[in-house]
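Heads up, the thing below is written out as C-alpha coordinates.
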Amino acid sequence: MNENMPERPIDALDRAKGKKVLVKLKNGEEITGTLVALDLHLNLWLEDVDIQGENKRKFNIILIRGDTILYASPV
Amino acid sequence: MNENMPERPIDALDRAKGKKVLVKLKNGEEITGTLVALDLHLNLWLEDVDIQGENKRKFNIILIRGDTILYASPV
Amino acid sequence: MNENMPERPIDALDRAKGKKVLVKLKNGEEITGTLVALDLHLNLWLEDVDIQGENKRKFNIILIRGDTILYASPV
Amino acid sequence: MNENMPERPIDALDRAKGKKVLVKLKNGEEITGTLVALDLHLNLWLEDVDIQGENKRKFNIILIRGDTILYASPV
Amino acid sequence: MNENMPERPIDALDRAKGKKVLVKLKNGEEITGTLVALDLHLNLWLEDVDIQGENKRKFNIILIRGDTILYASPV
Amino acid sequence: MNENMPERPIDALDRAKGKKVLVKLKNGEEITGTLVALDLHLNLWLEDVDIQGENKRKFNIILIRGDTILYASPV
Amino acid sequence: MNENMPERPIDALDRAKGKKVLVKLKNGEEITGTLVALDLHLNLWLEDVDIQGENKRKFNIILIRGDTILYASPV
(Lines give C-alpha, C1' and ligand atoms only; values in the text may rest on other atoms or scores of the structure.)
Protein backbone atom coordinates (compact mmCIF):
# COMPACT_ATOMS: atom_id res chain seq x y z
CA MET A 1 0.00 0.00 0.00
CA ASN A 2 1.52 3.25 -1.17
CA GLU A 3 2.20 6.11 1.26
CA ASN A 4 0.76 8.96 -0.85
CA MET A 5 -1.86 6.90 -2.64
CA PRO A 6 -4.48 8.36 -4.97
CA GLU A 7 -7.98 8.73 -3.53
CA ARG A 8 -10.34 7.31 -6.18
CA PRO A 9 -11.17 3.58 -6.39
CA ILE A 10 -10.93 3.76 -10.19
CA ASP A 11 -7.23 4.53 -9.79
CA ALA A 12 -6.69 0.97 -8.62
CA LEU A 13 -7.39 -0.04 -12.20
CA ASP A 14 -6.09 3.07 -13.94
CA ARG A 15 -2.58 2.24 -12.69
CA ALA A 16 -2.85 -1.06 -14.55
CA LYS A 17 -3.11 0.45 -18.05
CA GLY A 18 -0.89 -1.49 -20.43
CA LYS A 19 -0.86 -4.44 -18.04
CA LYS A 20 -2.88 -7.62 -17.67
CA VAL A 21 -6.17 -7.43 -15.74
CA LEU A 22 -8.80 -9.98 -14.75
CA VAL A 23 -12.44 -8.94 -14.99
CA LYS A 24 -15.28 -10.89 -13.35
CA LEU A 25 -18.72 -10.32 -14.91
CA LYS A 26 -22.12 -10.52 -13.21
CA ASN A 27 -23.02 -13.53 -15.38
CA GLY A 28 -20.03 -15.47 -14.00
CA GLU A 29 -17.74 -15.13 -17.03
CA GLU A 30 -14.13 -14.15 -16.40
CA ILE A 31 -12.14 -12.14 -18.90
CA THR A 32 -8.39 -11.49 -18.90
CA GLY A 33 -6.63 -9.07 -21.21
CA THR A 34 -4.34 -6.07 -21.47
CA LEU A 35 -6.07 -2.89 -20.28
CA VAL A 36 -5.97 -0.16 -22.92
CA ALA A 37 -8.57 2.34 -21.67
CA LEU A 38 -11.26 2.74 -18.99
CA ASP A 39 -13.79 5.37 -17.96
CA LEU A 40 -15.74 6.30 -14.83
CA HIS A 41 -18.58 3.88 -15.75
CA LEU A 42 -15.91 1.15 -15.66
CA ASN A 43 -16.34 0.54 -19.39
CA LEU A 44 -13.13 -1.29 -20.33
CA TRP A 45 -11.16 -1.64 -23.55
CA LEU A 46 -9.00 -4.77 -23.41
CA GLU A 47 -6.68 -6.38 -25.95
CA ASP A 48 -5.24 -9.93 -26.28
CA VAL A 49 -8.34 -11.21 -24.55
CA ASP A 50 -9.18 -14.63 -23.09
CA ILE A 51 -12.71 -15.38 -21.95
CA GLN A 52 -13.25 -18.17 -19.44
CA GLY A 53 -16.61 -19.62 -18.50
CA GLU A 54 -19.16 -21.60 -20.48
CA ASN A 55 -17.82 -20.27 -23.80
CA LYS A 56 -14.00 -20.14 -23.72
CA ARG A 57 -12.67 -17.99 -26.58
CA LYS A 58 -10.09 -15.41 -27.63
CA PHE A 59 -10.51 -11.88 -28.99
CA ASN A 60 -7.98 -9.34 -30.22
CA ILE A 61 -10.01 -6.40 -28.94
CA ILE A 62 -13.00 -6.19 -26.61
CA LEU A 63 -15.18 -3.45 -25.14
CA ILE A 64 -16.78 -4.53 -21.84
CA ARG A 65 -19.83 -2.59 -20.64
CA GLY A 66 -19.11 -1.30 -17.13
CA ASP A 67 -22.45 -2.20 -15.63
CA THR A 68 -21.82 -5.92 -16.25
CA ILE A 69 -18.71 -5.98 -14.05
CA LEU A 70 -18.53 -7.35 -10.51
CA TYR A 71 -14.87 -6.57 -9.95
CA ALA A 72 -11.58 -6.17 -11.75
CA SER A 73 -8.05 -6.92 -10.64
CA PRO A 74 -4.57 -6.22 -12.05
CA VAL A 75 -2.87 -9.64 -12.25
CA MET B 1 -1.62 -1.89 -29.14
CA ASN B 2 -1.19 1.48 -30.81
CA GLU B 3 1.46 3.97 -29.59
CA ASN B 4 -0.74 7.10 -29.54
CA MET B 5 -4.01 5.33 -28.77
CA PRO B 6 -7.28 7.15 -28.03
CA GLU B 7 -8.35 7.30 -24.39
CA ARG B 8 -12.03 6.28 -24.33
CA PRO B 9 -13.14 2.62 -24.16
CA ILE B 10 -15.89 3.36 -26.70
CA ASP B 11 -13.16 4.07 -29.26
CA ALA B 12 -12.32 0.37 -29.27
CA LEU B 13 -15.64 -0.11 -31.05
CA ASP B 14 -15.79 3.22 -32.87
CA ARG B 15 -12.72 2.23 -34.89
CA ALA B 16 -14.67 -0.79 -36.14
CA LYS B 17 -17.36 1.21 -37.99
CA GLY B 18 -18.00 -0.37 -41.37
CA LYS B 19 -16.46 -3.63 -40.16
CA LYS B 20 -17.81 -6.84 -38.65
CA VAL B 21 -18.38 -6.92 -34.89
CA LEU B 22 -19.56 -9.59 -32.45
CA VAL B 23 -21.94 -8.53 -29.69
CA LYS B 24 -22.69 -10.70 -26.64
CA LEU B 25 -25.99 -9.91 -24.91
CA LYS B 26 -26.85 -10.36 -21.22
CA ASN B 27 -29.43 -13.05 -22.16
CA GLY B 28 -26.70 -15.14 -23.78
CA GLU B 29 -27.53 -14.38 -27.42
CA GLU B 30 -24.66 -13.49 -29.73
CA ILE B 31 -25.09 -11.15 -32.66
CA THR B 32 -22.67 -10.50 -35.50
CA GLY B 33 -23.06 -7.77 -38.10
CA THR B 34 -21.48 -4.76 -39.75
CA LEU B 35 -21.31 -1.78 -37.39
CA VAL B 36 -22.99 1.30 -38.85
CA ALA B 37 -23.38 3.58 -35.84
CA LEU B 38 -22.97 3.59 -32.05
CA ASP B 39 -23.49 6.05 -29.20
CA LEU B 40 -22.22 6.51 -25.65
CA HIS B 41 -24.97 4.25 -24.24
CA LEU B 42 -23.53 1.54 -26.51
CA ASN B 43 -26.73 1.46 -28.56
CA LEU B 44 -25.61 -0.21 -31.81
CA TRP B 45 -26.88 -0.09 -35.39
CA LEU B 46 -25.76 -3.20 -37.24
CA GLU B 47 -26.42 -4.43 -40.79
CA ASP B 48 -26.16 -7.89 -42.41
CA VAL B 49 -26.93 -9.42 -39.06
CA ASP B 50 -26.72 -13.01 -37.81
CA ILE B 51 -28.17 -13.92 -34.42
CA GLN B 52 -26.87 -17.04 -32.67
CA GLY B 53 -28.45 -18.61 -29.64
CA GLU B 54 -31.79 -20.29 -29.07
CA ASN B 55 -33.34 -18.51 -32.10
CA LYS B 56 -30.85 -18.38 -34.98
CA ARG B 57 -31.96 -15.85 -37.60
CA LYS B 58 -30.85 -13.14 -40.01
CA PHE B 59 -31.78 -9.45 -40.22
CA ASN B 60 -30.84 -6.75 -42.72
CA ILE B 61 -30.82 -4.03 -40.07
CA ILE B 62 -30.90 -4.17 -36.27
CA LEU B 63 -30.84 -1.67 -33.42
CA ILE B 64 -29.45 -3.20 -30.21
CA ARG B 65 -30.24 -1.46 -26.91
CA GLY B 66 -26.96 -0.67 -25.18
CA ASP B 67 -28.01 -1.79 -21.71
CA THR B 68 -28.49 -5.38 -22.93
CA ILE B 69 -24.85 -5.75 -23.98
CA LEU B 70 -22.17 -7.60 -22.03
CA TYR B 71 -19.33 -6.91 -24.43
CA ALA B 72 -18.59 -6.26 -28.09
CA SER B 73 -15.60 -7.14 -30.20
CA PRO B 74 -14.41 -6.25 -33.70
CA VAL B 75 -13.85 -9.61 -35.45
CA MET C 1 -24.89 0.50 -46.27
CA ASN C 2 -25.45 4.09 -47.31
CA GLU C 3 -22.50 6.33 -48.25
CA ASN C 4 -23.55 9.42 -46.24
CA MET C 5 -25.30 7.52 -43.47
CA PRO C 6 -26.79 9.18 -40.38
CA GLU C 7 -24.74 8.94 -37.19
CA ARG C 8 -27.18 7.88 -34.44
CA PRO C 9 -28.14 4.22 -33.84
CA ILE C 10 -31.74 5.30 -33.22
CA ASP C 11 -31.91 6.37 -36.87
CA ALA C 12 -31.80 2.71 -37.88
CA LEU C 13 -35.30 2.48 -36.46
CA ASP C 14 -36.44 6.02 -37.17
CA ARG C 15 -36.15 5.35 -40.90
CA ALA C 16 -38.69 2.53 -40.45
CA LYS C 17 -41.57 4.76 -39.33
CA GLY C 18 -44.75 3.68 -41.10
CA LYS C 19 -43.20 0.28 -41.83
CA LYS C 20 -43.25 -3.11 -40.15
CA VAL C 21 -40.74 -3.73 -37.34
CA LEU C 22 -39.90 -6.72 -35.15
CA VAL C 23 -39.17 -6.07 -31.48
CA LYS C 24 -37.54 -8.65 -29.19
CA LEU C 25 -38.20 -8.11 -25.47
CA LYS C 26 -35.97 -9.08 -22.54
CA ASN C 27 -38.60 -11.61 -21.38
CA GLY C 28 -38.35 -13.46 -24.71
CA GLU C 29 -41.58 -12.20 -26.25
CA GLU C 30 -41.45 -10.99 -29.85
CA ILE C 31 -43.72 -8.25 -31.14
CA THR C 32 -44.29 -7.20 -34.75
CA GLY C 33 -46.23 -4.13 -35.81
CA THR C 34 -46.18 -0.91 -37.80
CA LEU C 35 -43.93 1.71 -36.18
CA VAL C 36 -45.79 4.97 -35.52
CA ALA C 37 -43.48 6.79 -33.12
CA LEU C 38 -40.32 6.26 -31.05
CA ASP C 39 -38.19 8.29 -28.65
CA LEU C 40 -34.60 8.24 -27.38
CA HIS C 41 -35.49 5.79 -24.57
CA LEU C 42 -36.63 3.44 -27.35
CA ASN C 43 -40.24 3.65 -26.16
CA LEU C 44 -42.21 2.46 -29.20
CA TRP C 45 -45.74 3.08 -30.45
CA LEU C 46 -46.80 0.26 -32.76
CA GLU C 47 -50.06 -0.45 -34.57
CA ASP C 48 -51.54 -3.64 -36.11
CA VAL C 49 -49.60 -5.63 -33.55
CA ASP C 50 -48.91 -9.37 -33.26
CA ILE C 51 -47.33 -10.74 -30.10
CA GLN C 52 -45.52 -14.08 -30.30
CA GLY C 53 -44.33 -16.07 -27.34
CA GLU C 54 -46.20 -17.84 -24.54
CA ASN C 55 -49.31 -15.64 -25.05
CA LYS C 56 -49.94 -15.10 -28.77
CA ARG C 57 -52.37 -12.21 -29.32
CA LYS C 58 -53.22 -9.19 -31.44
CA PHE C 59 -53.56 -5.50 -30.52
CA ASN C 60 -54.60 -2.48 -32.56
CA ILE C 61 -52.25 -0.17 -30.68
CA ILE C 62 -49.41 -0.83 -28.25
CA LEU C 63 -46.91 1.23 -26.30
CA ILE C 64 -43.73 -0.74 -25.50
CA ARG C 65 -41.52 0.53 -22.67
CA GLY C 66 -38.03 1.05 -24.06
CA ASP C 67 -36.14 -0.54 -21.18
CA THR C 68 -37.77 -3.92 -21.89
CA ILE C 69 -36.32 -4.13 -25.41
CA LEU C 70 -33.33 -6.24 -26.43
CA TYR C 71 -33.32 -5.20 -30.06
CA ALA C 72 -35.58 -4.04 -32.87
CA SER C 73 -35.41 -4.61 -36.60
CA PRO C 74 -37.23 -3.23 -39.63
CA VAL C 75 -38.59 -6.30 -41.46
CA MET D 1 -52.93 5.24 -38.63
CA ASN D 2 -53.71 8.93 -38.47
CA GLU D 3 -52.36 11.30 -41.17
CA ASN D 4 -51.13 14.06 -38.81
CA MET D 5 -50.23 11.78 -35.92
CA PRO D 6 -48.53 12.98 -32.74
CA GLU D 7 -44.83 12.26 -32.44
CA ARG D 8 -44.34 10.84 -28.92
CA PRO D 9 -44.87 7.13 -28.11
CA ILE D 10 -46.57 8.12 -24.84
CA ASP D 11 -49.34 9.69 -26.89
CA ALA D 12 -50.45 6.20 -27.95
CA LEU D 13 -51.61 5.78 -24.37
CA ASP D 14 -52.48 9.38 -23.61
CA ARG D 15 -55.24 9.24 -26.23
CA ALA D 16 -56.80 6.40 -24.23
CA LYS D 17 -57.52 8.44 -21.09
CA GLY D 18 -61.01 7.62 -19.84
CA LYS D 19 -60.95 4.36 -21.79
CA LYS D 20 -60.07 0.76 -21.00
CA VAL D 21 -56.40 -0.26 -21.26
CA LEU D 22 -54.51 -3.53 -20.81
CA VAL D 23 -51.15 -3.40 -19.03
CA LYS D 24 -48.66 -6.28 -19.08
CA LEU D 25 -46.17 -6.28 -16.19
CA LYS D 26 -42.61 -7.64 -16.17
CA ASN D 27 -43.65 -10.30 -13.63
CA GLY D 28 -46.25 -11.68 -16.09
CA GLU D 29 -49.35 -10.20 -14.43
CA GLU D 30 -51.90 -8.50 -16.67
CA ILE D 31 -54.01 -5.59 -15.47
CA THR D 32 -57.02 -4.05 -17.19
CA GLY D 33 -58.75 -0.86 -16.09
CA THR D 34 -59.87 2.61 -17.08
CA LEU D 35 -56.93 4.96 -17.57
CA VAL D 36 -57.24 8.10 -15.44
CA ALA D 37 -53.73 9.56 -15.56
CA LEU D 38 -50.21 8.75 -16.77
CA ASP D 39 -46.79 10.42 -16.73
CA LEU D 40 -43.55 10.20 -18.71
CA HIS D 41 -42.23 7.38 -16.49
CA LEU D 42 -45.34 5.43 -17.56
CA ASN D 43 -46.68 5.48 -14.00
CA LEU D 44 -50.39 4.73 -14.47
CA TRP D 45 -53.52 5.52 -12.46
CA LEU D 46 -56.27 3.05 -13.34
CA GLU D 47 -59.81 2.60 -12.01
CA ASP D 48 -62.26 -0.35 -12.12
CA VAL D 49 -59.29 -2.67 -12.19
CA ASP D 50 -59.03 -6.42 -12.87
CA ILE D 51 -55.77 -8.23 -12.26
CA GLN D 52 -55.15 -11.49 -14.09
CA GLY D 53 -52.33 -13.88 -13.35
CA GLU D 54 -51.56 -16.03 -10.32
CA ASN D 55 -53.67 -13.80 -8.02
CA LYS D 56 -56.89 -12.72 -9.79
CA ARG D 57 -58.52 -9.77 -7.98
CA LYS D 58 -60.35 -6.49 -8.37
CA PHE D 59 -59.45 -2.96 -7.22
CA ASN D 60 -61.34 0.30 -7.42
CA ILE D 61 -58.17 2.33 -7.86
CA ILE D 62 -54.58 1.33 -8.59
CA LEU D 63 -51.27 3.10 -9.13
CA ILE D 64 -48.87 1.05 -11.27
CA ARG D 65 -45.16 1.89 -11.10
CA GLY D 66 -43.97 2.61 -14.63
CA ASP D 67 -40.75 0.62 -14.43
CA THR D 68 -42.68 -2.63 -13.91
CA ILE D 69 -44.47 -2.34 -17.26
CA LEU D 70 -43.61 -4.29 -20.40
CA TYR D 71 -46.28 -2.74 -22.59
CA ALA D 72 -49.74 -1.19 -22.50
CA SER D 73 -52.56 -1.23 -25.01
CA PRO D 74 -55.89 0.57 -25.36
CA VAL D 75 -58.48 -2.23 -25.71
CA MET E 1 -64.10 8.82 -11.79
CA ASN E 2 -64.07 12.44 -10.76
CA GLU E 3 -65.04 15.17 -13.27
CA ASN E 4 -62.17 17.58 -12.51
CA MET E 5 -59.61 14.92 -11.60
CA PRO E 6 -55.95 15.65 -10.83
CA GLU E 7 -53.46 14.88 -13.60
CA ARG E 8 -50.62 12.98 -11.90
CA PRO E 9 -50.74 9.20 -11.32
CA ILE E 10 -49.19 9.71 -7.86
CA ASP E 11 -52.34 11.57 -6.84
CA ALA E 12 -54.23 8.26 -6.96
CA LEU E 13 -52.25 7.34 -3.87
CA ASP E 14 -51.84 10.80 -2.40
CA ARG E 15 -55.60 11.03 -1.90
CA ALA E 16 -55.36 7.92 0.30
CA LYS E 17 -53.20 9.50 3.02
CA GLY E 18 -54.53 8.51 6.42
CA LYS E 19 -56.34 5.57 4.88
CA LYS E 20 -55.57 1.90 4.34
CA VAL E 21 -53.56 0.93 1.25
CA LEU E 22 -52.37 -2.37 -0.21
CA VAL E 23 -48.88 -2.51 -1.70
CA LYS E 24 -47.66 -5.34 -3.92
CA LEU E 25 -43.87 -5.76 -4.04
CA LYS E 26 -41.76 -7.11 -6.91
CA ASN E 27 -40.75 -10.11 -4.75
CA GLY E 28 -44.43 -11.12 -4.39
CA GLU E 29 -44.95 -9.89 -0.82
CA GLU E 30 -48.10 -7.88 -0.10
CA ILE E 31 -48.20 -5.18 2.55
CA THR E 32 -51.25 -3.40 3.95
CA GLY E 33 -51.14 -0.41 6.25
CA THR E 34 -52.22 3.17 6.82
CA LEU E 35 -50.48 5.56 4.44
CA VAL E 36 -48.69 8.37 6.29
CA ALA E 37 -46.41 9.83 3.62
CA LEU E 38 -45.20 9.19 0.06
CA ASP E 39 -42.83 10.84 -2.42
CA LEU E 40 -42.34 10.90 -6.18
CA HIS E 41 -40.09 7.79 -6.06
CA LEU E 42 -43.09 6.03 -4.50
CA ASN E 43 -41.21 5.55 -1.22
CA LEU E 44 -44.00 4.89 1.29
CA TRP E 45 -44.35 5.38 5.04
CA LEU E 46 -47.04 3.07 6.41
CA GLU E 47 -48.30 2.45 9.94
CA ASP E 48 -50.26 -0.45 11.51
CA VAL E 49 -48.69 -2.75 8.95
CA ASP E 50 -49.47 -6.36 7.99
CA ILE E 51 -47.13 -8.24 5.68
CA GLN E 52 -48.50 -11.21 3.78
CA GLY E 53 -46.39 -13.69 1.85
CA GLU E 54 -43.80 -16.23 2.94
CA ASN E 55 -43.17 -14.34 6.21
CA LYS E 56 -46.42 -13.02 7.69
CA ARG E 57 -45.77 -10.37 10.34
CA LYS E 58 -46.86 -7.06 11.81
CA PHE E 59 -45.03 -3.75 12.16
CA ASN E 60 -45.99 -0.47 13.79
CA ILE E 61 -44.11 1.59 11.25
CA ILE E 62 -42.51 0.70 7.91
CA LEU E 63 -40.64 2.52 5.16
CA ILE E 64 -40.99 0.79 1.78
CA ARG E 65 -38.43 1.59 -0.92
CA GLY E 66 -40.31 2.82 -3.99
CA ASP E 67 -38.33 0.81 -6.53
CA THR E 68 -39.51 -2.47 -5.00
CA ILE E 69 -43.17 -1.71 -5.67
CA LEU E 70 -45.27 -3.20 -8.49
CA TYR E 71 -48.46 -1.35 -7.66
CA ALA E 72 -50.40 0.17 -4.77
CA SER E 73 -54.12 0.49 -4.16
CA PRO E 74 -56.30 2.33 -1.63
CA VAL E 75 -58.51 -0.38 -0.09
CA MET F 1 -50.04 8.64 13.98
CA ASN F 2 -48.86 12.09 14.91
CA GLU F 3 -51.08 15.16 14.34
CA ASN F 4 -48.43 17.43 12.81
CA MET F 5 -46.40 14.65 11.19
CA PRO F 6 -43.46 15.25 8.82
CA GLU F 7 -44.15 14.81 5.13
CA ARG F 8 -41.26 12.69 3.80
CA PRO F 9 -41.31 8.87 3.92
CA ILE F 10 -37.63 8.88 4.93
CA ASP F 11 -38.64 10.57 8.18
CA ALA F 12 -40.29 7.32 9.26
CA LEU F 13 -36.76 5.98 9.60
CA ASP F 14 -34.99 9.19 10.50
CA ARG F 15 -36.96 9.35 13.75
CA ALA F 16 -35.46 5.96 14.65
CA LYS F 17 -31.84 7.13 14.81
CA GLY F 18 -30.18 5.68 17.90
CA LYS F 19 -32.84 2.98 18.07
CA LYS F 20 -33.16 -0.59 16.81
CA VAL F 21 -34.36 -1.10 13.21
CA LEU F 22 -35.11 -4.16 11.10
CA VAL F 23 -34.04 -4.08 7.45
CA LYS F 24 -35.30 -6.57 4.87
CA LEU F 25 -33.05 -6.97 1.81
CA LYS F 26 -34.06 -7.89 -1.74
CA ASN F 27 -32.10 -11.17 -1.43
CA GLY F 28 -34.26 -12.22 1.55
CA GLU F 29 -31.71 -11.52 4.31
CA GLU F 30 -32.93 -9.62 7.37
CA ILE F 31 -30.67 -7.33 9.34
CA THR F 32 -31.32 -5.77 12.74
CA GLY F 33 -29.15 -3.13 14.36
CA THR F 34 -29.00 0.32 15.88
CA LEU F 35 -29.47 3.04 13.25
CA VAL F 36 -26.60 5.54 13.28
CA ALA F 37 -27.04 7.38 9.97
CA LEU F 38 -29.08 7.25 6.76
CA ASP F 39 -29.30 9.23 3.52
CA LEU F 40 -31.87 9.83 0.78
CA HIS F 41 -30.70 6.74 -1.15
CA LEU F 42 -31.59 4.76 1.98
CA ASN F 43 -27.95 3.83 2.53
CA LEU F 44 -27.86 2.82 6.21
CA TRP F 45 -25.15 2.77 8.85
CA LEU F 46 -26.05 0.30 11.60
CA GLU F 47 -24.22 -0.83 14.73
CA ASP F 48 -24.57 -3.92 16.97
CA VAL F 49 -25.80 -5.84 13.94
CA ASP F 50 -27.42 -9.26 13.63
CA ILE F 51 -27.93 -10.80 10.20
CA GLN F 52 -30.58 -13.46 9.79
CA GLY F 53 -31.02 -15.65 6.74
CA GLU F 54 -28.82 -18.31 5.18
CA ASN F 55 -25.69 -16.91 6.89
CA LYS F 56 -26.49 -15.82 10.47
CA ARG F 57 -23.74 -13.58 11.85
CA LYS F 58 -22.93 -10.52 13.93
CA PHE F 59 -21.13 -7.28 13.02
CA ASN F 60 -20.12 -4.28 15.10
CA ILE F 61 -20.66 -1.87 12.21
CA ILE F 62 -22.30 -2.28 8.82
CA LEU F 63 -23.02 -0.08 5.81
CA ILE F 64 -26.03 -1.31 3.81
CA ARG F 65 -26.40 -0.13 0.21
CA GLY F 66 -29.81 1.51 -0.15
CA ASP F 67 -30.73 -0.10 -3.46
CA THR F 68 -30.65 -3.57 -1.87
CA ILE F 69 -33.41 -2.72 0.62
CA LEU F 70 -37.06 -3.79 0.35
CA TYR F 71 -38.23 -2.09 3.51
CA ALA F 72 -37.08 -0.99 6.96
CA SER F 73 -38.92 -0.76 10.24
CA PRO F 74 -38.16 0.70 13.67
CA VAL F 75 -38.69 -2.19 16.11
CA MET G 1 -21.68 4.72 19.15
CA ASN G 2 -19.87 8.03 19.15
CA GLU G 3 -21.40 11.13 20.79
CA ASN G 4 -20.64 13.59 17.98
CA MET G 5 -20.89 11.07 15.16
CA PRO G 6 -20.65 11.97 11.46
CA GLU G 7 -23.94 12.13 9.56
CA ARG G 8 -23.34 10.18 6.33
CA PRO G 9 -23.70 6.38 6.11
CA ILE G 10 -20.60 6.23 3.90
CA ASP G 11 -18.57 7.45 6.87
CA ALA G 12 -19.14 4.08 8.53
CA LEU G 13 -16.80 2.69 5.90
CA ASP G 14 -14.64 5.74 5.36
CA ARG G 15 -13.37 5.42 8.94
CA ALA G 16 -12.11 1.95 8.05
CA LYS G 17 -9.55 3.09 5.44
CA GLY G 18 -6.31 1.20 5.95
CA LYS G 19 -8.15 -1.49 7.88
CA LYS G 20 -9.72 -4.84 7.02
CA VAL G 21 -13.29 -4.83 5.66
CA LEU G 22 -15.72 -7.55 4.64
CA VAL G 23 -17.84 -6.96 1.54
CA LYS G 24 -20.89 -9.05 0.67
CA LEU G 25 -21.86 -9.01 -3.03
CA LYS G 26 -25.33 -9.41 -4.55
CA ASN G 27 -24.21 -12.69 -6.16
CA GLY G 28 -23.40 -14.17 -2.73
CA GLU G 29 -19.61 -13.85 -2.91
CA GLU G 30 -17.81 -12.42 0.12
CA ILE G 31 -14.61 -10.44 -0.20
CA THR G 32 -12.25 -9.38 2.58
CA GLY G 33 -9.34 -7.00 2.14
CA THR G 34 -7.70 -3.81 3.30
CA LEU G 35 -9.71 -0.74 2.26
CA VAL G 36 -7.60 1.73 0.28
CA ALA G 37 -10.22 4.02 -1.28
CA LEU G 38 -13.97 4.36 -1.72
CA ASP G 39 -16.37 6.78 -3.40
CA LEU G 40 -20.04 7.77 -3.06
CA HIS G 41 -21.13 4.99 -5.46
CA LEU G 42 -19.51 2.59 -2.98
CA ASN G 43 -16.88 1.59 -5.55
CA LEU G 44 -14.13 0.05 -3.41
CA TRP G 45 -10.39 -0.38 -3.87
CA LEU G 46 -9.12 -3.22 -1.68
CA GLU G 47 -5.69 -4.79 -1.25
CA ASP G 48 -4.55 -8.17 0.15
CA VAL G 49 -7.84 -9.62 -0.96
CA ASP G 50 -9.49 -12.97 -0.21
CA ILE G 51 -12.61 -14.00 -2.11
CA GLN G 52 -14.90 -16.59 -0.54
CA GLY G 53 -17.76 -18.31 -2.32
CA GLU G 54 -17.84 -20.72 -5.25
CA ASN G 55 -14.41 -19.58 -6.47
CA LYS G 56 -12.06 -19.01 -3.51
CA ARG G 57 -9.02 -16.98 -4.57
CA LYS G 58 -6.56 -14.25 -3.62
CA PHE G 59 -5.77 -10.93 -5.30
CA ASN G 60 -3.20 -8.25 -4.49
CA ILE G 61 -5.49 -5.45 -5.66
CA ILE G 62 -9.17 -5.36 -6.55
CA LEU G 63 -11.68 -2.75 -7.67
CA ILE G 64 -15.25 -3.70 -6.70
CA ARG G 65 -18.12 -2.00 -8.57
CA GLY G 66 -20.38 -0.33 -5.99
CA ASP G 67 -23.67 -1.45 -7.51
CA THR G 68 -22.77 -5.12 -6.87
CA ILE G 69 -22.52 -4.63 -3.11
CA LEU G 70 -25.15 -5.64 -0.54
CA TYR G 71 -23.27 -4.41 2.48
CA ALA G 72 -19.80 -3.82 3.85
CA SER G 73 -18.42 -4.06 7.35
CA PRO G 74 -15.14 -3.11 9.04
CA VAL G 75 -13.92 -6.32 10.71
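As written, the chains take the letters A, B, C, D, E, F and G, and residue 1 is the first residue of each chain.
The criterion applied here is as follows: a contact is a pair of C-beta atoms (placed from the backbone, for glycine too) under 8 Å apart; a residue touches a chain by one contact, two chains touch by 3 or more.
Remember, predicted model here, so these are calculated numbers, not experimental data.
J.: Just tell me the minimum hop count from chain D to chain G, counting one hop per pair of touching chains.
T.: Between chain D and chain G, the shortest chain-hopping route counts 3.
J.: Please compute the C-alpha centroid of chain A, do the same for chain B, then give the distance between them in whole Å.
T.: Each chain reduced to its C-alpha mean, chain A and chain B end up 19 Å apart.
J.: How big is the gap, in whole Å, between where the Cα atoms of chain B centre and where those of chain F centre?
T.: The mean C-alpha positions of chain B and chain F differ by 42 Å.
J.: What are the residues of chain A that contact at least two other chains?
T.: As it turns out, chain A has residues touching two or more other chains at 67.
J.: If you start at chain F and step next to chain G, which chains follow, in turn, all the way round the ring?
T.: Beginning with chain F, then chain G, the ring reads F, G, A, B, C, D, E.
J.: Can you check the complex and tell me which residues of chain B touch chain A?
T.: Chain B reaches chain A through residues 1, 5-13, 16, 22, 26, 42, 66-67, 69-75.
J.: Please give the residue numbers of chain D that touch chain E in the complex, ascending.
T.: 18, 25, 27, 29, 31, 34, 36-39, 43-45, 47, 49, 59-65, 67-68
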